[in-house]
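Chains: A, B, C and D, in written order; residue numbering restarts at 1 for each.
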Amino acid sequence: MKKRNTMRIGLIGFGKTGKAVASVILQNEDFELRWILRRKKLLDHRSAADVLGIEVKNSDEGLIYSTSNTNLEDLMDTCPVDAIIDFSSGEGIYTYGESAAKRKIKIISAISHYKPKEIAFFKSLSQQTTVFWSPNITLGVNYLMISAKYLKKIAPWVDIEIVEEHFKGKEGTSGTALKIAEVLDMDKTQINSIRAGGIVGRHEIIFGFPYQTVRLIHESISREAFGNGVLFVAENLKEKGVGFYNFEDLLLPYFAD
Amino acid sequence: MKKRNTMRIGLIGFGKTGKAVASVILQNEDFELRWILRRKKLLDHRSAADVLGIEVKNSDEGLIYSTSNTNLEDLMDTCPVDAIIDFSSGEGIYTYGESAAKRKIKIISAISHYKPKEIAFFKSLSQQTTVFWSPNITLGVNYLMISAKYLKKIAPWVDIEIVEEHFKGKEGTSGTALKIAEVLDMDKTQINSIRAGGIVGRHEIIFGFPYQTVRLIHESISREAFGNGVLFVAENLKEKGVGFYNFEDLLLPYFAD
Amino acid sequence: MKKRNTMRIGLIGFGKTGKAVASVILQNEDFELRWILRRKKLLDHRSAADVLGIEVKNSDEGLIYSTSNTNLEDLMDTCPVDAIIDFSSGEGIYTYGESAAKRKIKIISAISHYKPKEIAFFKSLSQQTTVFWSPNITLGVNYLMISAKYLKKIAPWVDIEIVEEHFKGKEGTSGTALKIAEVLDMDKTQINSIRAGGIVGRHEIIFGFPYQTVRLIHESISREAFGNGVLFVAENLKEKGVGFYNFEDLLLPYFAD
Amino acid sequence: MKKRNTMRIGLIGFGKTGKAVASVILQNEDFELRWILRRKKLLDHRSAADVLGIEVKNSDEGLIYSTSNTNLEDLMDTCPVDAIIDFSSGEGIYTYGESAAKRKIKIISAISHYKPKEIAFFKSLSQQTTVFWSPNITLGVNYLMISAKYLKKIAPWVDIEIVEEHFKGKEGTSGTALKIAEVLDMDKTQINSIRAGGIVGRHEIIFGFPYQTVRLIHESISREAFGNGVLFVAENLKEKGVGFYNFEDLLLPYFAD
C-alpha cells in the first residue's frame, strides 16, 4: 500500500552518483524508493538500503534489478511508481521511456549530454507525460545561473568572469561552467579552469563593477547534492501537467513575486 | 539650455561621499551636475569639477553653494534640475523638501537613518512628486538582498549566515548587514562582524545546504560605488510617477520575466 | 618478510576517521598496514582492504582485531610494526603504550584532547621511543598555524581575525580554531564560528593591514586528509630519535633555509 | 637639526604611487620626508604636505623639486637624508645613484622592471652603500611568496594554481603573478588572469592536496600599501651594511626561529 503523501520513485542507474542519490531518497520520509534498475548484474535483487548501509523501516524497499534479467513492464505494473529518475547514460531512456510515458509516470533525467536524437525522443514523450531534463540537477548551480542572468539584465555593461575549480584529473572545461557561459552569452574561451588536488567542484561568477564587485559562488561538498536536487525537482513537478520542463521552469515562479 | 536627454541634478551634501558621488556624476555624459548645496561655507561658489580635479567642458557646471548664503527657491528657478540627490544628513530634507516637491523635482535620498518624523514627511512629499529612499544606494548590495530573499523562498529550510568585514575603527554592526538580516528574517545577533585593517566593506551571505554551499558576496572598492548606484536609480526613476519608492521597487521588474 | 623501504604500521581505532586513515595507508606503496586494533568486536579478523572495498596485492594485510580477543604483546611479536598510529580515544594509549615503547615502536597519536595524566604518561614513554602527538594531524592546518605565526612576528601590530566554518550540528568552537587563536596569542572569544549545512571544515585567518589584506585559508574536503597527515608525520619521524615531538617540530626545519 | 631616532627620506618620483607613498611617510612619526625630486616642473618648491592636504608640524618639510631646476648634489648637502626611495622610472637611478652612494645614503628602489644595464649599475653602487630593490614593495605579497615557497618545499608534489584579479583595463599578466610563478618554478602560462571592473589587485595561490586545499590570498586596497612596504624596508635596512638586498633578505630572518 502506498504511504500517505509520499512520492514513489524508480531509479535508473546505480553508479557512484546513482548510489548517492539513492541514499538521499532512502533517508527522506516524503519519498519512497521502490526499485532501482541498472545495467550491471552485480547486486541483483539486493536491497539498496542494505548495500548502502542505511537503516530503513521496510528493508524490502528499493530492490536492485538488472536490465537483462528484468521485464520492466511487469515491474512497473507490480511495483508502480510516480516518477522515474534517470542517472544512467544517454541511451537509458530507450529502456524505460515509452513504458513510463504510457503509464503517465513522470520522467526526471539528470543525464549530462544528450544527442539531438534523444532530445527529440524526450520531446515526443512529453506529449504523454511530464518530462524534465537538467544536465546539472543541483539546486545551487541552477539558482546561481538564474540569479546571474538577472544581474546581467540589470547591468548589461558589467564585466563578467567565470572561474571553475575541480580535482586534478578532470579533463576539459566543466559542463556546468560551459552552461553558465551560455546562459550569460559569454565566450566559452573566457572560462578560467583550475585543476588542483581533490577539489570536488567550485564555480564562481565574478561581476566587476567600477567601484564594487559581486561574486556568486557554488561549492559542491559531495555527489549527494544531486539527490537533494532531484527531490526538489520531484516535489515541484507534482502539480505540473504534460510537457517538457527544465530547472529554470521550476525556479522562475519563485522569482516572480 | 538643457542638453539633449541629459538629466539635470542638484546635489545636497559635499562630505566624503558627496564628493565621490559628484565626481561620478561629472564624468557621466547622461547627467549634468548643476549645483551642490552644503552646510559649510568652505568652497562657496567654487566649481566642483575644479575642486575635484576633473576636466569638464563647461566649468561653470556644478557650483557649490552654502545653505546659509543661498536662497534655494531662487536657485531652483534660475538653475532648474530634474532630480535632487541627498547625501547630507537626516534633517537635510527640511531644507529642500517642499521647494522640490512643488516643482515636481524628483527626490533621491541616500541617508542611512531617518527618524519616523522624517519618514512621515517624506511620504507626504511623495504625494506631489517622485520620492526615492535607500539607506545603502549601491547596486550590488541591493541586488544581493533580493537574490538572497529568492533563495530563501526556494529553500526555506536552508541555514543562512552573514559575515561582514570592515576597517578596524568601524563601530557597531554594519547597517547593510542589519538590513540583510532583516530582509532574510534573521536574528540580528547572528551577524559575524570582522574588523581588520583598512577593509573598505565586504558582505557575504552563506547558504549552507546539506551537500553544497552557495555564497553571495559584495565587495566595496570605494565610495564612488554610491555614485553609480545613484545614477542607476535616477535612470530608473525617469518614467516613474508620483509615489514613494525604494531600491527593491526598481530592481523587481528586472526579475519578473 | 618486510618489504624494502616500506614502513609497517599498526592502527589503533577504526571509527569513521580510522577507516579513512586505513584507506589512505592501504593505497600508499611506501607503507604497509599490518593490523588494526579496535574496541568493538564487529569485523573481527576481517581484512580492512576487504571491508573498505580497496584492492590490494596481499589481502591478508591489515586484519582487524578486537581488543578483548587479542593479546597485543603476541600480535606485536608475530606481526611486528615500525609505528603505531592512534585514532582511538583518550585512554587508548594505556592499551598499547608500554608494549610499544619497550619495543622501540614509534607512537603517533592524533587524539584531539588528552588529560594531564595521559600527557604525563606520553612524556614518560618518550624516554624510551619516538613519540608524536598532534590534535589536528593535517598538513594544511599545521602549515597555516606556523605561517600565521611568522606573519604576526613580521607585523606584530596587524589586526587578526579568525573565521571557522563547519556543518550545522557541530557544537562549540572548533578545536583547530582554538589552537590557532592560542598560537597567535588571541582571545578565544574573538573567533567567528559559522554553522551551516554540510560544510566539512574551513578555517580562515584574516590579517588586516591598513591598505592590504592577507588571508590564509584551509578547506577540508574529507577525513582522508588525516591519513595524508599521518603519512607525512611517519615519513618525517623516520630519522628522529627518542623524544616527544609535535607537528611544529617536523615543519620548522623546512622553514629554516 | 635631525629629529631623534627618525629616519630622513628623500623621495624620487611624484606620480600616483609616489604621492601615495609620500602621504604615508608624512603621517608616520618615525620618518621625515625631507624632499621630493620629480621630472615635471609642476608643483616646484611647493610642500608635499600642502599639496596632499595633510597636516604636519613643520610645513617646510617635504618640498618638491624639479630635476631640471635642481642641483641634486647641493640638495643632498644642505638637506641631507639617510635613505632615498625611488618610485620614478627605470632610468631614475642615473640621476641620484652616484651622488647617493658616495654619501653612504641607503637606496631603496621600487621600480617594476630594470634592464640588465641598470641592474649592473645598481650592483656596482652596492659596493659603496646599502642598496635594496623590490619590484613589488608590499609586505603582503612578499610574505605570500616566501610562505608559498615553504609549502612547496614541504609538499613538492602538491598541485599549485595562481589566480590574479585586476581592473578591466590592465594589460598583460600582472608582474606580481609572474614573480610568484617564478618563485614557485611554475610555467608562466599557468596563471589565470581575471579582468573585471575596478578590482584594485588580488592574488591567490591555490595549493590542491588530495583531501584538503590551502589558499594564500593577498588583496590590495590602495596604492598606499607601497608606502607601508617602503617603511618596513627602511626600518629593516637600518642595521644592514653595504650590499645588495631584496625583500626576501629582509623577511627570511623572521622565519628562522
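In the analysis below, a residue touches a chain if its C-beta (ideal position, glycine included) is under 8 Å from a C-beta of that chain, and two chains touch if they have at least 3 such contacts.
Owing to the predicted nature of the structure, the values given are computational and were not obtained by experimental measurement.
A.B. asks: Quick check for the class: compute each chain's Cα centroid; which one is farthest from the centroid of chain B?
C.D. replies: So the farthest one, by centre of C-alpha atoms, is C.
A.B. asks: Select, from B-C and C-D, the pair of chains that is joined by more C-beta pairs in contact.
C.D. replies: So, comparing the two chain pairs, more contacts are at C-D.
A.B. asks: Counting only Cα atoms for the centres, state how far chain B is from chain C in Å.
C.D. replies: Whole-Å distance between the two chain centres: 52.
A.B. asks: I'd like to verify one number: the distance from the centre of chain C to the centre of chain D, where each centre is the average of its C-alpha atoms, in whole angstrom.
C.D. replies: The answer is 42 Å.
A.B. asks: Touching at least two other chains at once: which residues of chain B meet that condition?
C.D. replies: 197-199, 207, 209-213, 221-222
A.B. asks: How about chain B: which of its residues touch chain A in the complex?
C.D. replies: Result: residues 138-140, 143-144, 147, 150-151, 153-155, 207, 209-225, 227-228, 232, 251-252, 254-257 of chain B touch chain A.
A.B. asks: Touching residues of chain D toward chain B in the complex: what are they?
C.D. replies: Residues 197-200, 221-222 of chain D touch chain B in their complex.
A.B. asks: Which residues, counting only chain B, touch chain C once they are in their complex?
C.D. replies: 158-161, 163, 165, 167-168, 192-199, 206-213
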